[in-house]
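Once you've had a glance at the structure underneath, I'll fire off some questions.
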C-alpha cells in the first residue's frame, strides 16, 4: 500500500535528531511537526524570521504580526528568537539549519530538483525555495512517486525549470525511501506492502537495488 | 523639522517628493509589516511608472496590490506574487514587468544596497533561470552567482514603535524585510503604531537606528490576517 | 548535553577539539568583548600554528596577546595590532604572519562567512595595498574590490547573558565583532557573565540566536579598561 | 598665525549642520565635538558600534563595555543606539554618515589620502580608516600644512601608501581651508594673519587662487 501523506511525514520524522534546527516547507513537510519522536527536542525555523515556531495560537493569542512562512498565524515557543528576513536567510544560506524538508514536482539522479514553476501555468514565484535548497546541507524531499496517470516524478533528468542543481540526496515518496549518489537513485526502503517491482516500474531514472530492500517501519 | 525630529503629521508630507518612474523598496511579507497608509497615499498621488522591490505585491484590496488598479507599477521585483488576480492579468498582458528573485537573495540585495556592497556571490539560483545572464564564479569547488544590490529613491517601512529621532523597533515577525528596506532608500519613510520619546527604547534593542529614517508617521490602519489558523484553547 | 542545552561547566570542555593549525574567528575590540577565559584555556592547551581572525591581538597580558609568548599563533588577520611589543617583534622576525584587513571589511568577511556569501565587492581599499592581487570590478562608474569570506574551525564569542539554549545578548559596545564571529565558526563557544533560563530573554531582542552557539560557559574574569577617560561629576 | 589644534577643530565645526550624523577620527577631529555651533544638534558615531556617543563618564558611570573607537570609556546620549561592527560599517560603507572628519599624513591634488602607514616605521594597521574614506560622501581631512621642517603635506602625488583614492574634497590645515577639484587644490580661506604667499610656499601640489582669499572667521 502506498503511504498516506501522514505516513510519509512519519517516516521523514524518524530522521529528526535531538537538538535539530529544522525548516519545513508547506504541504506534507508541515505534517512532520506532528511526528517528532518521543524524547527528542527540535526547533522549527520559519524563513520570514522566526526560530522556534510553535503551534497555531488560541483565538485569544492570535497576533497579525506573528505569522509563519505560509502566512498562517502561529505562536513562538519558549527560547524562540525573532529576526529580519536577511538574518533568517543568512542562517539558511550559511548552512546552519540541520534539516530542511520540502516538496517537489520532479527530482533527478543528479540531485536536481524542480519545484517552483510549471511552464504555461501561472508563474507565482519561487519564494524561499531556491535559497533553501542551495543553503541546506541536509535536505529531504517528499513527493508522490508518480502522478495520477502513473508518470514517474523520479527522473533521469528533470524536465521542468529547476529550483536547484545537485543539492538533493534523500527522497521520501509514498512508495520508497531513496538516496541519490553517483548519479543514480538507490532504493533503501519500500513502503509496507509495496513491491520492489512496483517501485522499479514507477522510477524513470536509473535505480540501484542492492540486496534485500527492507520495509519501512512506521509507528 | 529641527535637529533629529523625524515626525510628520500627514501622509502627504510623508510621501512628498515621490515622482513618476521612481524606485521604491518596501518591507513586508504577505500582509504582515505592510505600509498600508503610505501605499494609499501613493495611490492618491497617482504617480506612475514605479519600480517596486518587495517580497510580495499585496492583495487586490490591501498593500501594494491597490496600486495595480490604475497601473501605477511598471515593474515589480518580488519572490512570490501568487495572491493577486489583477497582478496575473497585467503580467500576462505585458503591461507589468516582473523580475522574480529568490526570497533570501532579495533580502540580501536590499541589505547590500544599504551597506555599500554593490554585489555579492550566492549559491542560490545557480543553474536555474534566475542565474541567466549573470556572472558565475567558483569558490572552494562550488559555483556561485553574482547578484547586485538594490537601492530605492524611497523606502517604505512598517514598524511598531518609533522614537521621535526615528529609532525603530518591530513587533514580532512584522520585522521581515523592513529593516533592510529602511537602509536602502534615499528617503526612508516609516509608518508606525506608536511614537515614543527618545530614551524610551533601550539602545541595545533598537532594530533600526534613526540614521536610516527620514520621516515617521503614525498609522491609522488595522492589521489584516491572510490565513487565520488557530487551535482549541 | 541533551536537546538544546548548550551549557558546559569547564573551560576544558568549552575548548575541547581545538587542534594545531586550526583557524579561529574571535570577537572583541581592544580589550572589550574579549574571551579572556577561553583564550587562557587555549594557552593552557598549548596548541600551535593557529590562524586567528580578530580585529586586534590583545595586550601582552590579556586576550589573544597571551598566545604570543609560546608562539601559538602562526597567522593573524586583524585591522589594528599596535598595542603589543611582542607582536611587533614576532612580526619583524617573520615568525608571525600578519594580514592587515580594514575593520569594516573584516567585520563583513566574518558576516559573509556565516551567511553563505563566499565573496562580496567593496570600495574599501580600492587602489591601496589591501587590493593587491584581488579582483576588481566597476559598478555604476566606481571601482570595487572583491573580498572573500572568513570561516573558522572555532569561533570565540564574549556575551553578557546567555540562556541555556545559547540565545545571546551583549552588553553595550561589548557587542562589536562578536555577533559575526558567532556565525562563522564550525564550533562556536561563548563566554558569558550570566546564564539565564529560556524565556528570560525577549525573543525580539536576542542579538545572536542559539542556532549559532554550540557551547556556553560562565566567565570568571573581570573586565579591564584600556583607556579610562572620565569627566568631573 | 597658524591655527592651534583647537582652532582647526573650531573651523571644521562650522561645517556641522543641524541633524548631522558625524564620525570623528582620533586626534584633532575628536576636538570638533567641543565646538558644535549653538542651536545645532549633531550625533556622533563611533565605528565599533555606537550611534549617539556622549561625553566621558563620571567615575560612577565608567563601564568597561562602553567604549569608543579610540578605546576610551564613553557614555551614550539619549536616543543612542548600539549595534555590531558589521552593522556599524554597513552604515559607514553605505554612505549614511553625513560628515566624517579624520587626520592624514599626506593629501594630494587627486583627492588621494595617505594616513595609515609609514614604511620602515612599525606597521600598526589601518583600523577603520580605509572604510571611512571609501564610505563617506562628505569628508574633511585635518592636518598640519607642512611638517616641522617645512615640508609640505599637500602634494601633487602622495608618496606614502594610500588609505583611499580620489575620496577627499575638503582639507582644513593650520594655515588654510582648501577644496580639491579637477585635480587641483583650491585655496578658499586662510588662517587669520597668514599670508597667501606662505600658503603657496608650503603647498607642494598645484594650488589655484582665485580673487581675494578671505580670512577664516573663528569664534
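Should a chain be cited, it is by its letter among A, B, C and D, assigned in written order, with residues numbered from 1 in that chain.
Just so we're on the same page, a residue touches a chain if its C-beta (ideal position, glycine included) is under 8 Å from a C-beta of that chain, and two chains touch if they have at least 3 such contacts.
Since the structure is predicted, the reported quantities are computational estimates derived from the model, not experimental observations.
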| item | value |
| --- | --- |
| Partner chains that chain C and chain D have in common | B |
| A-B or A-C, whichever has more C-beta pairs in contact | A-B |
| Centre-to-centre distance between chain C and chain B (centres being mean Cα positions), rounded to whole Å | 33 |
| Distance between chain centroids, defined by C-alpha means - chain A, chain D (Å) | 55 |
| Chain centre separation in whole Å, for chain B relative to chain A (CA means) | 29 |
| Distance from the mean Cα position of chain C to that of chain A, given in whole angstrom | 35 |
| Residues of chain C whose C-beta touches two or more other chains | 108, 111, 115-117, 122-123, 171-172, 175, 203-204, 207 |
| Overlap residues in chain A, where contacts from two or more other chains coincide | 76, 82-83, 89-90, 92-93, 134-135 |
| Chain contact topology (line, ring, star, complete or other) | other |
| Interchain contacts, given as pairs of chains that touch | A-B, A-C, B-C, B-D, C-D |
| Residues of chain D touching chain B in the complex | 18-19, 21, 40-41, 43, 45, 51-52, 76, 78-83, 89-97, 134-135 |
| Complex interface listing, chain B residues touching chain A | 29-33, 55, 78-82, 88, 91, 98, 100, 102-105, 107-108, 110-111, 122-130, 160, 171-180, 207, 223-233 |
| Residues of chain C that touch chain B when the two form their complex | 108, 112, 115-123, 137, 139-140, 142, 144, 148, 169-172, 175, 202-205, 207 |
| Complex contacts: residues of chain A adjacent to chain B | 46-50, 55-60, 62-68, 70-74, 76, 82-86, 88-90, 92-93, 112, 117, 122-131, 134-135, 161-166 |
| Footprint of chain A on chain C - complex, ascending | 2-4, 111, 113-117, 163, 165, 167, 183, 198-199, 203-204, 206, 209-212 |
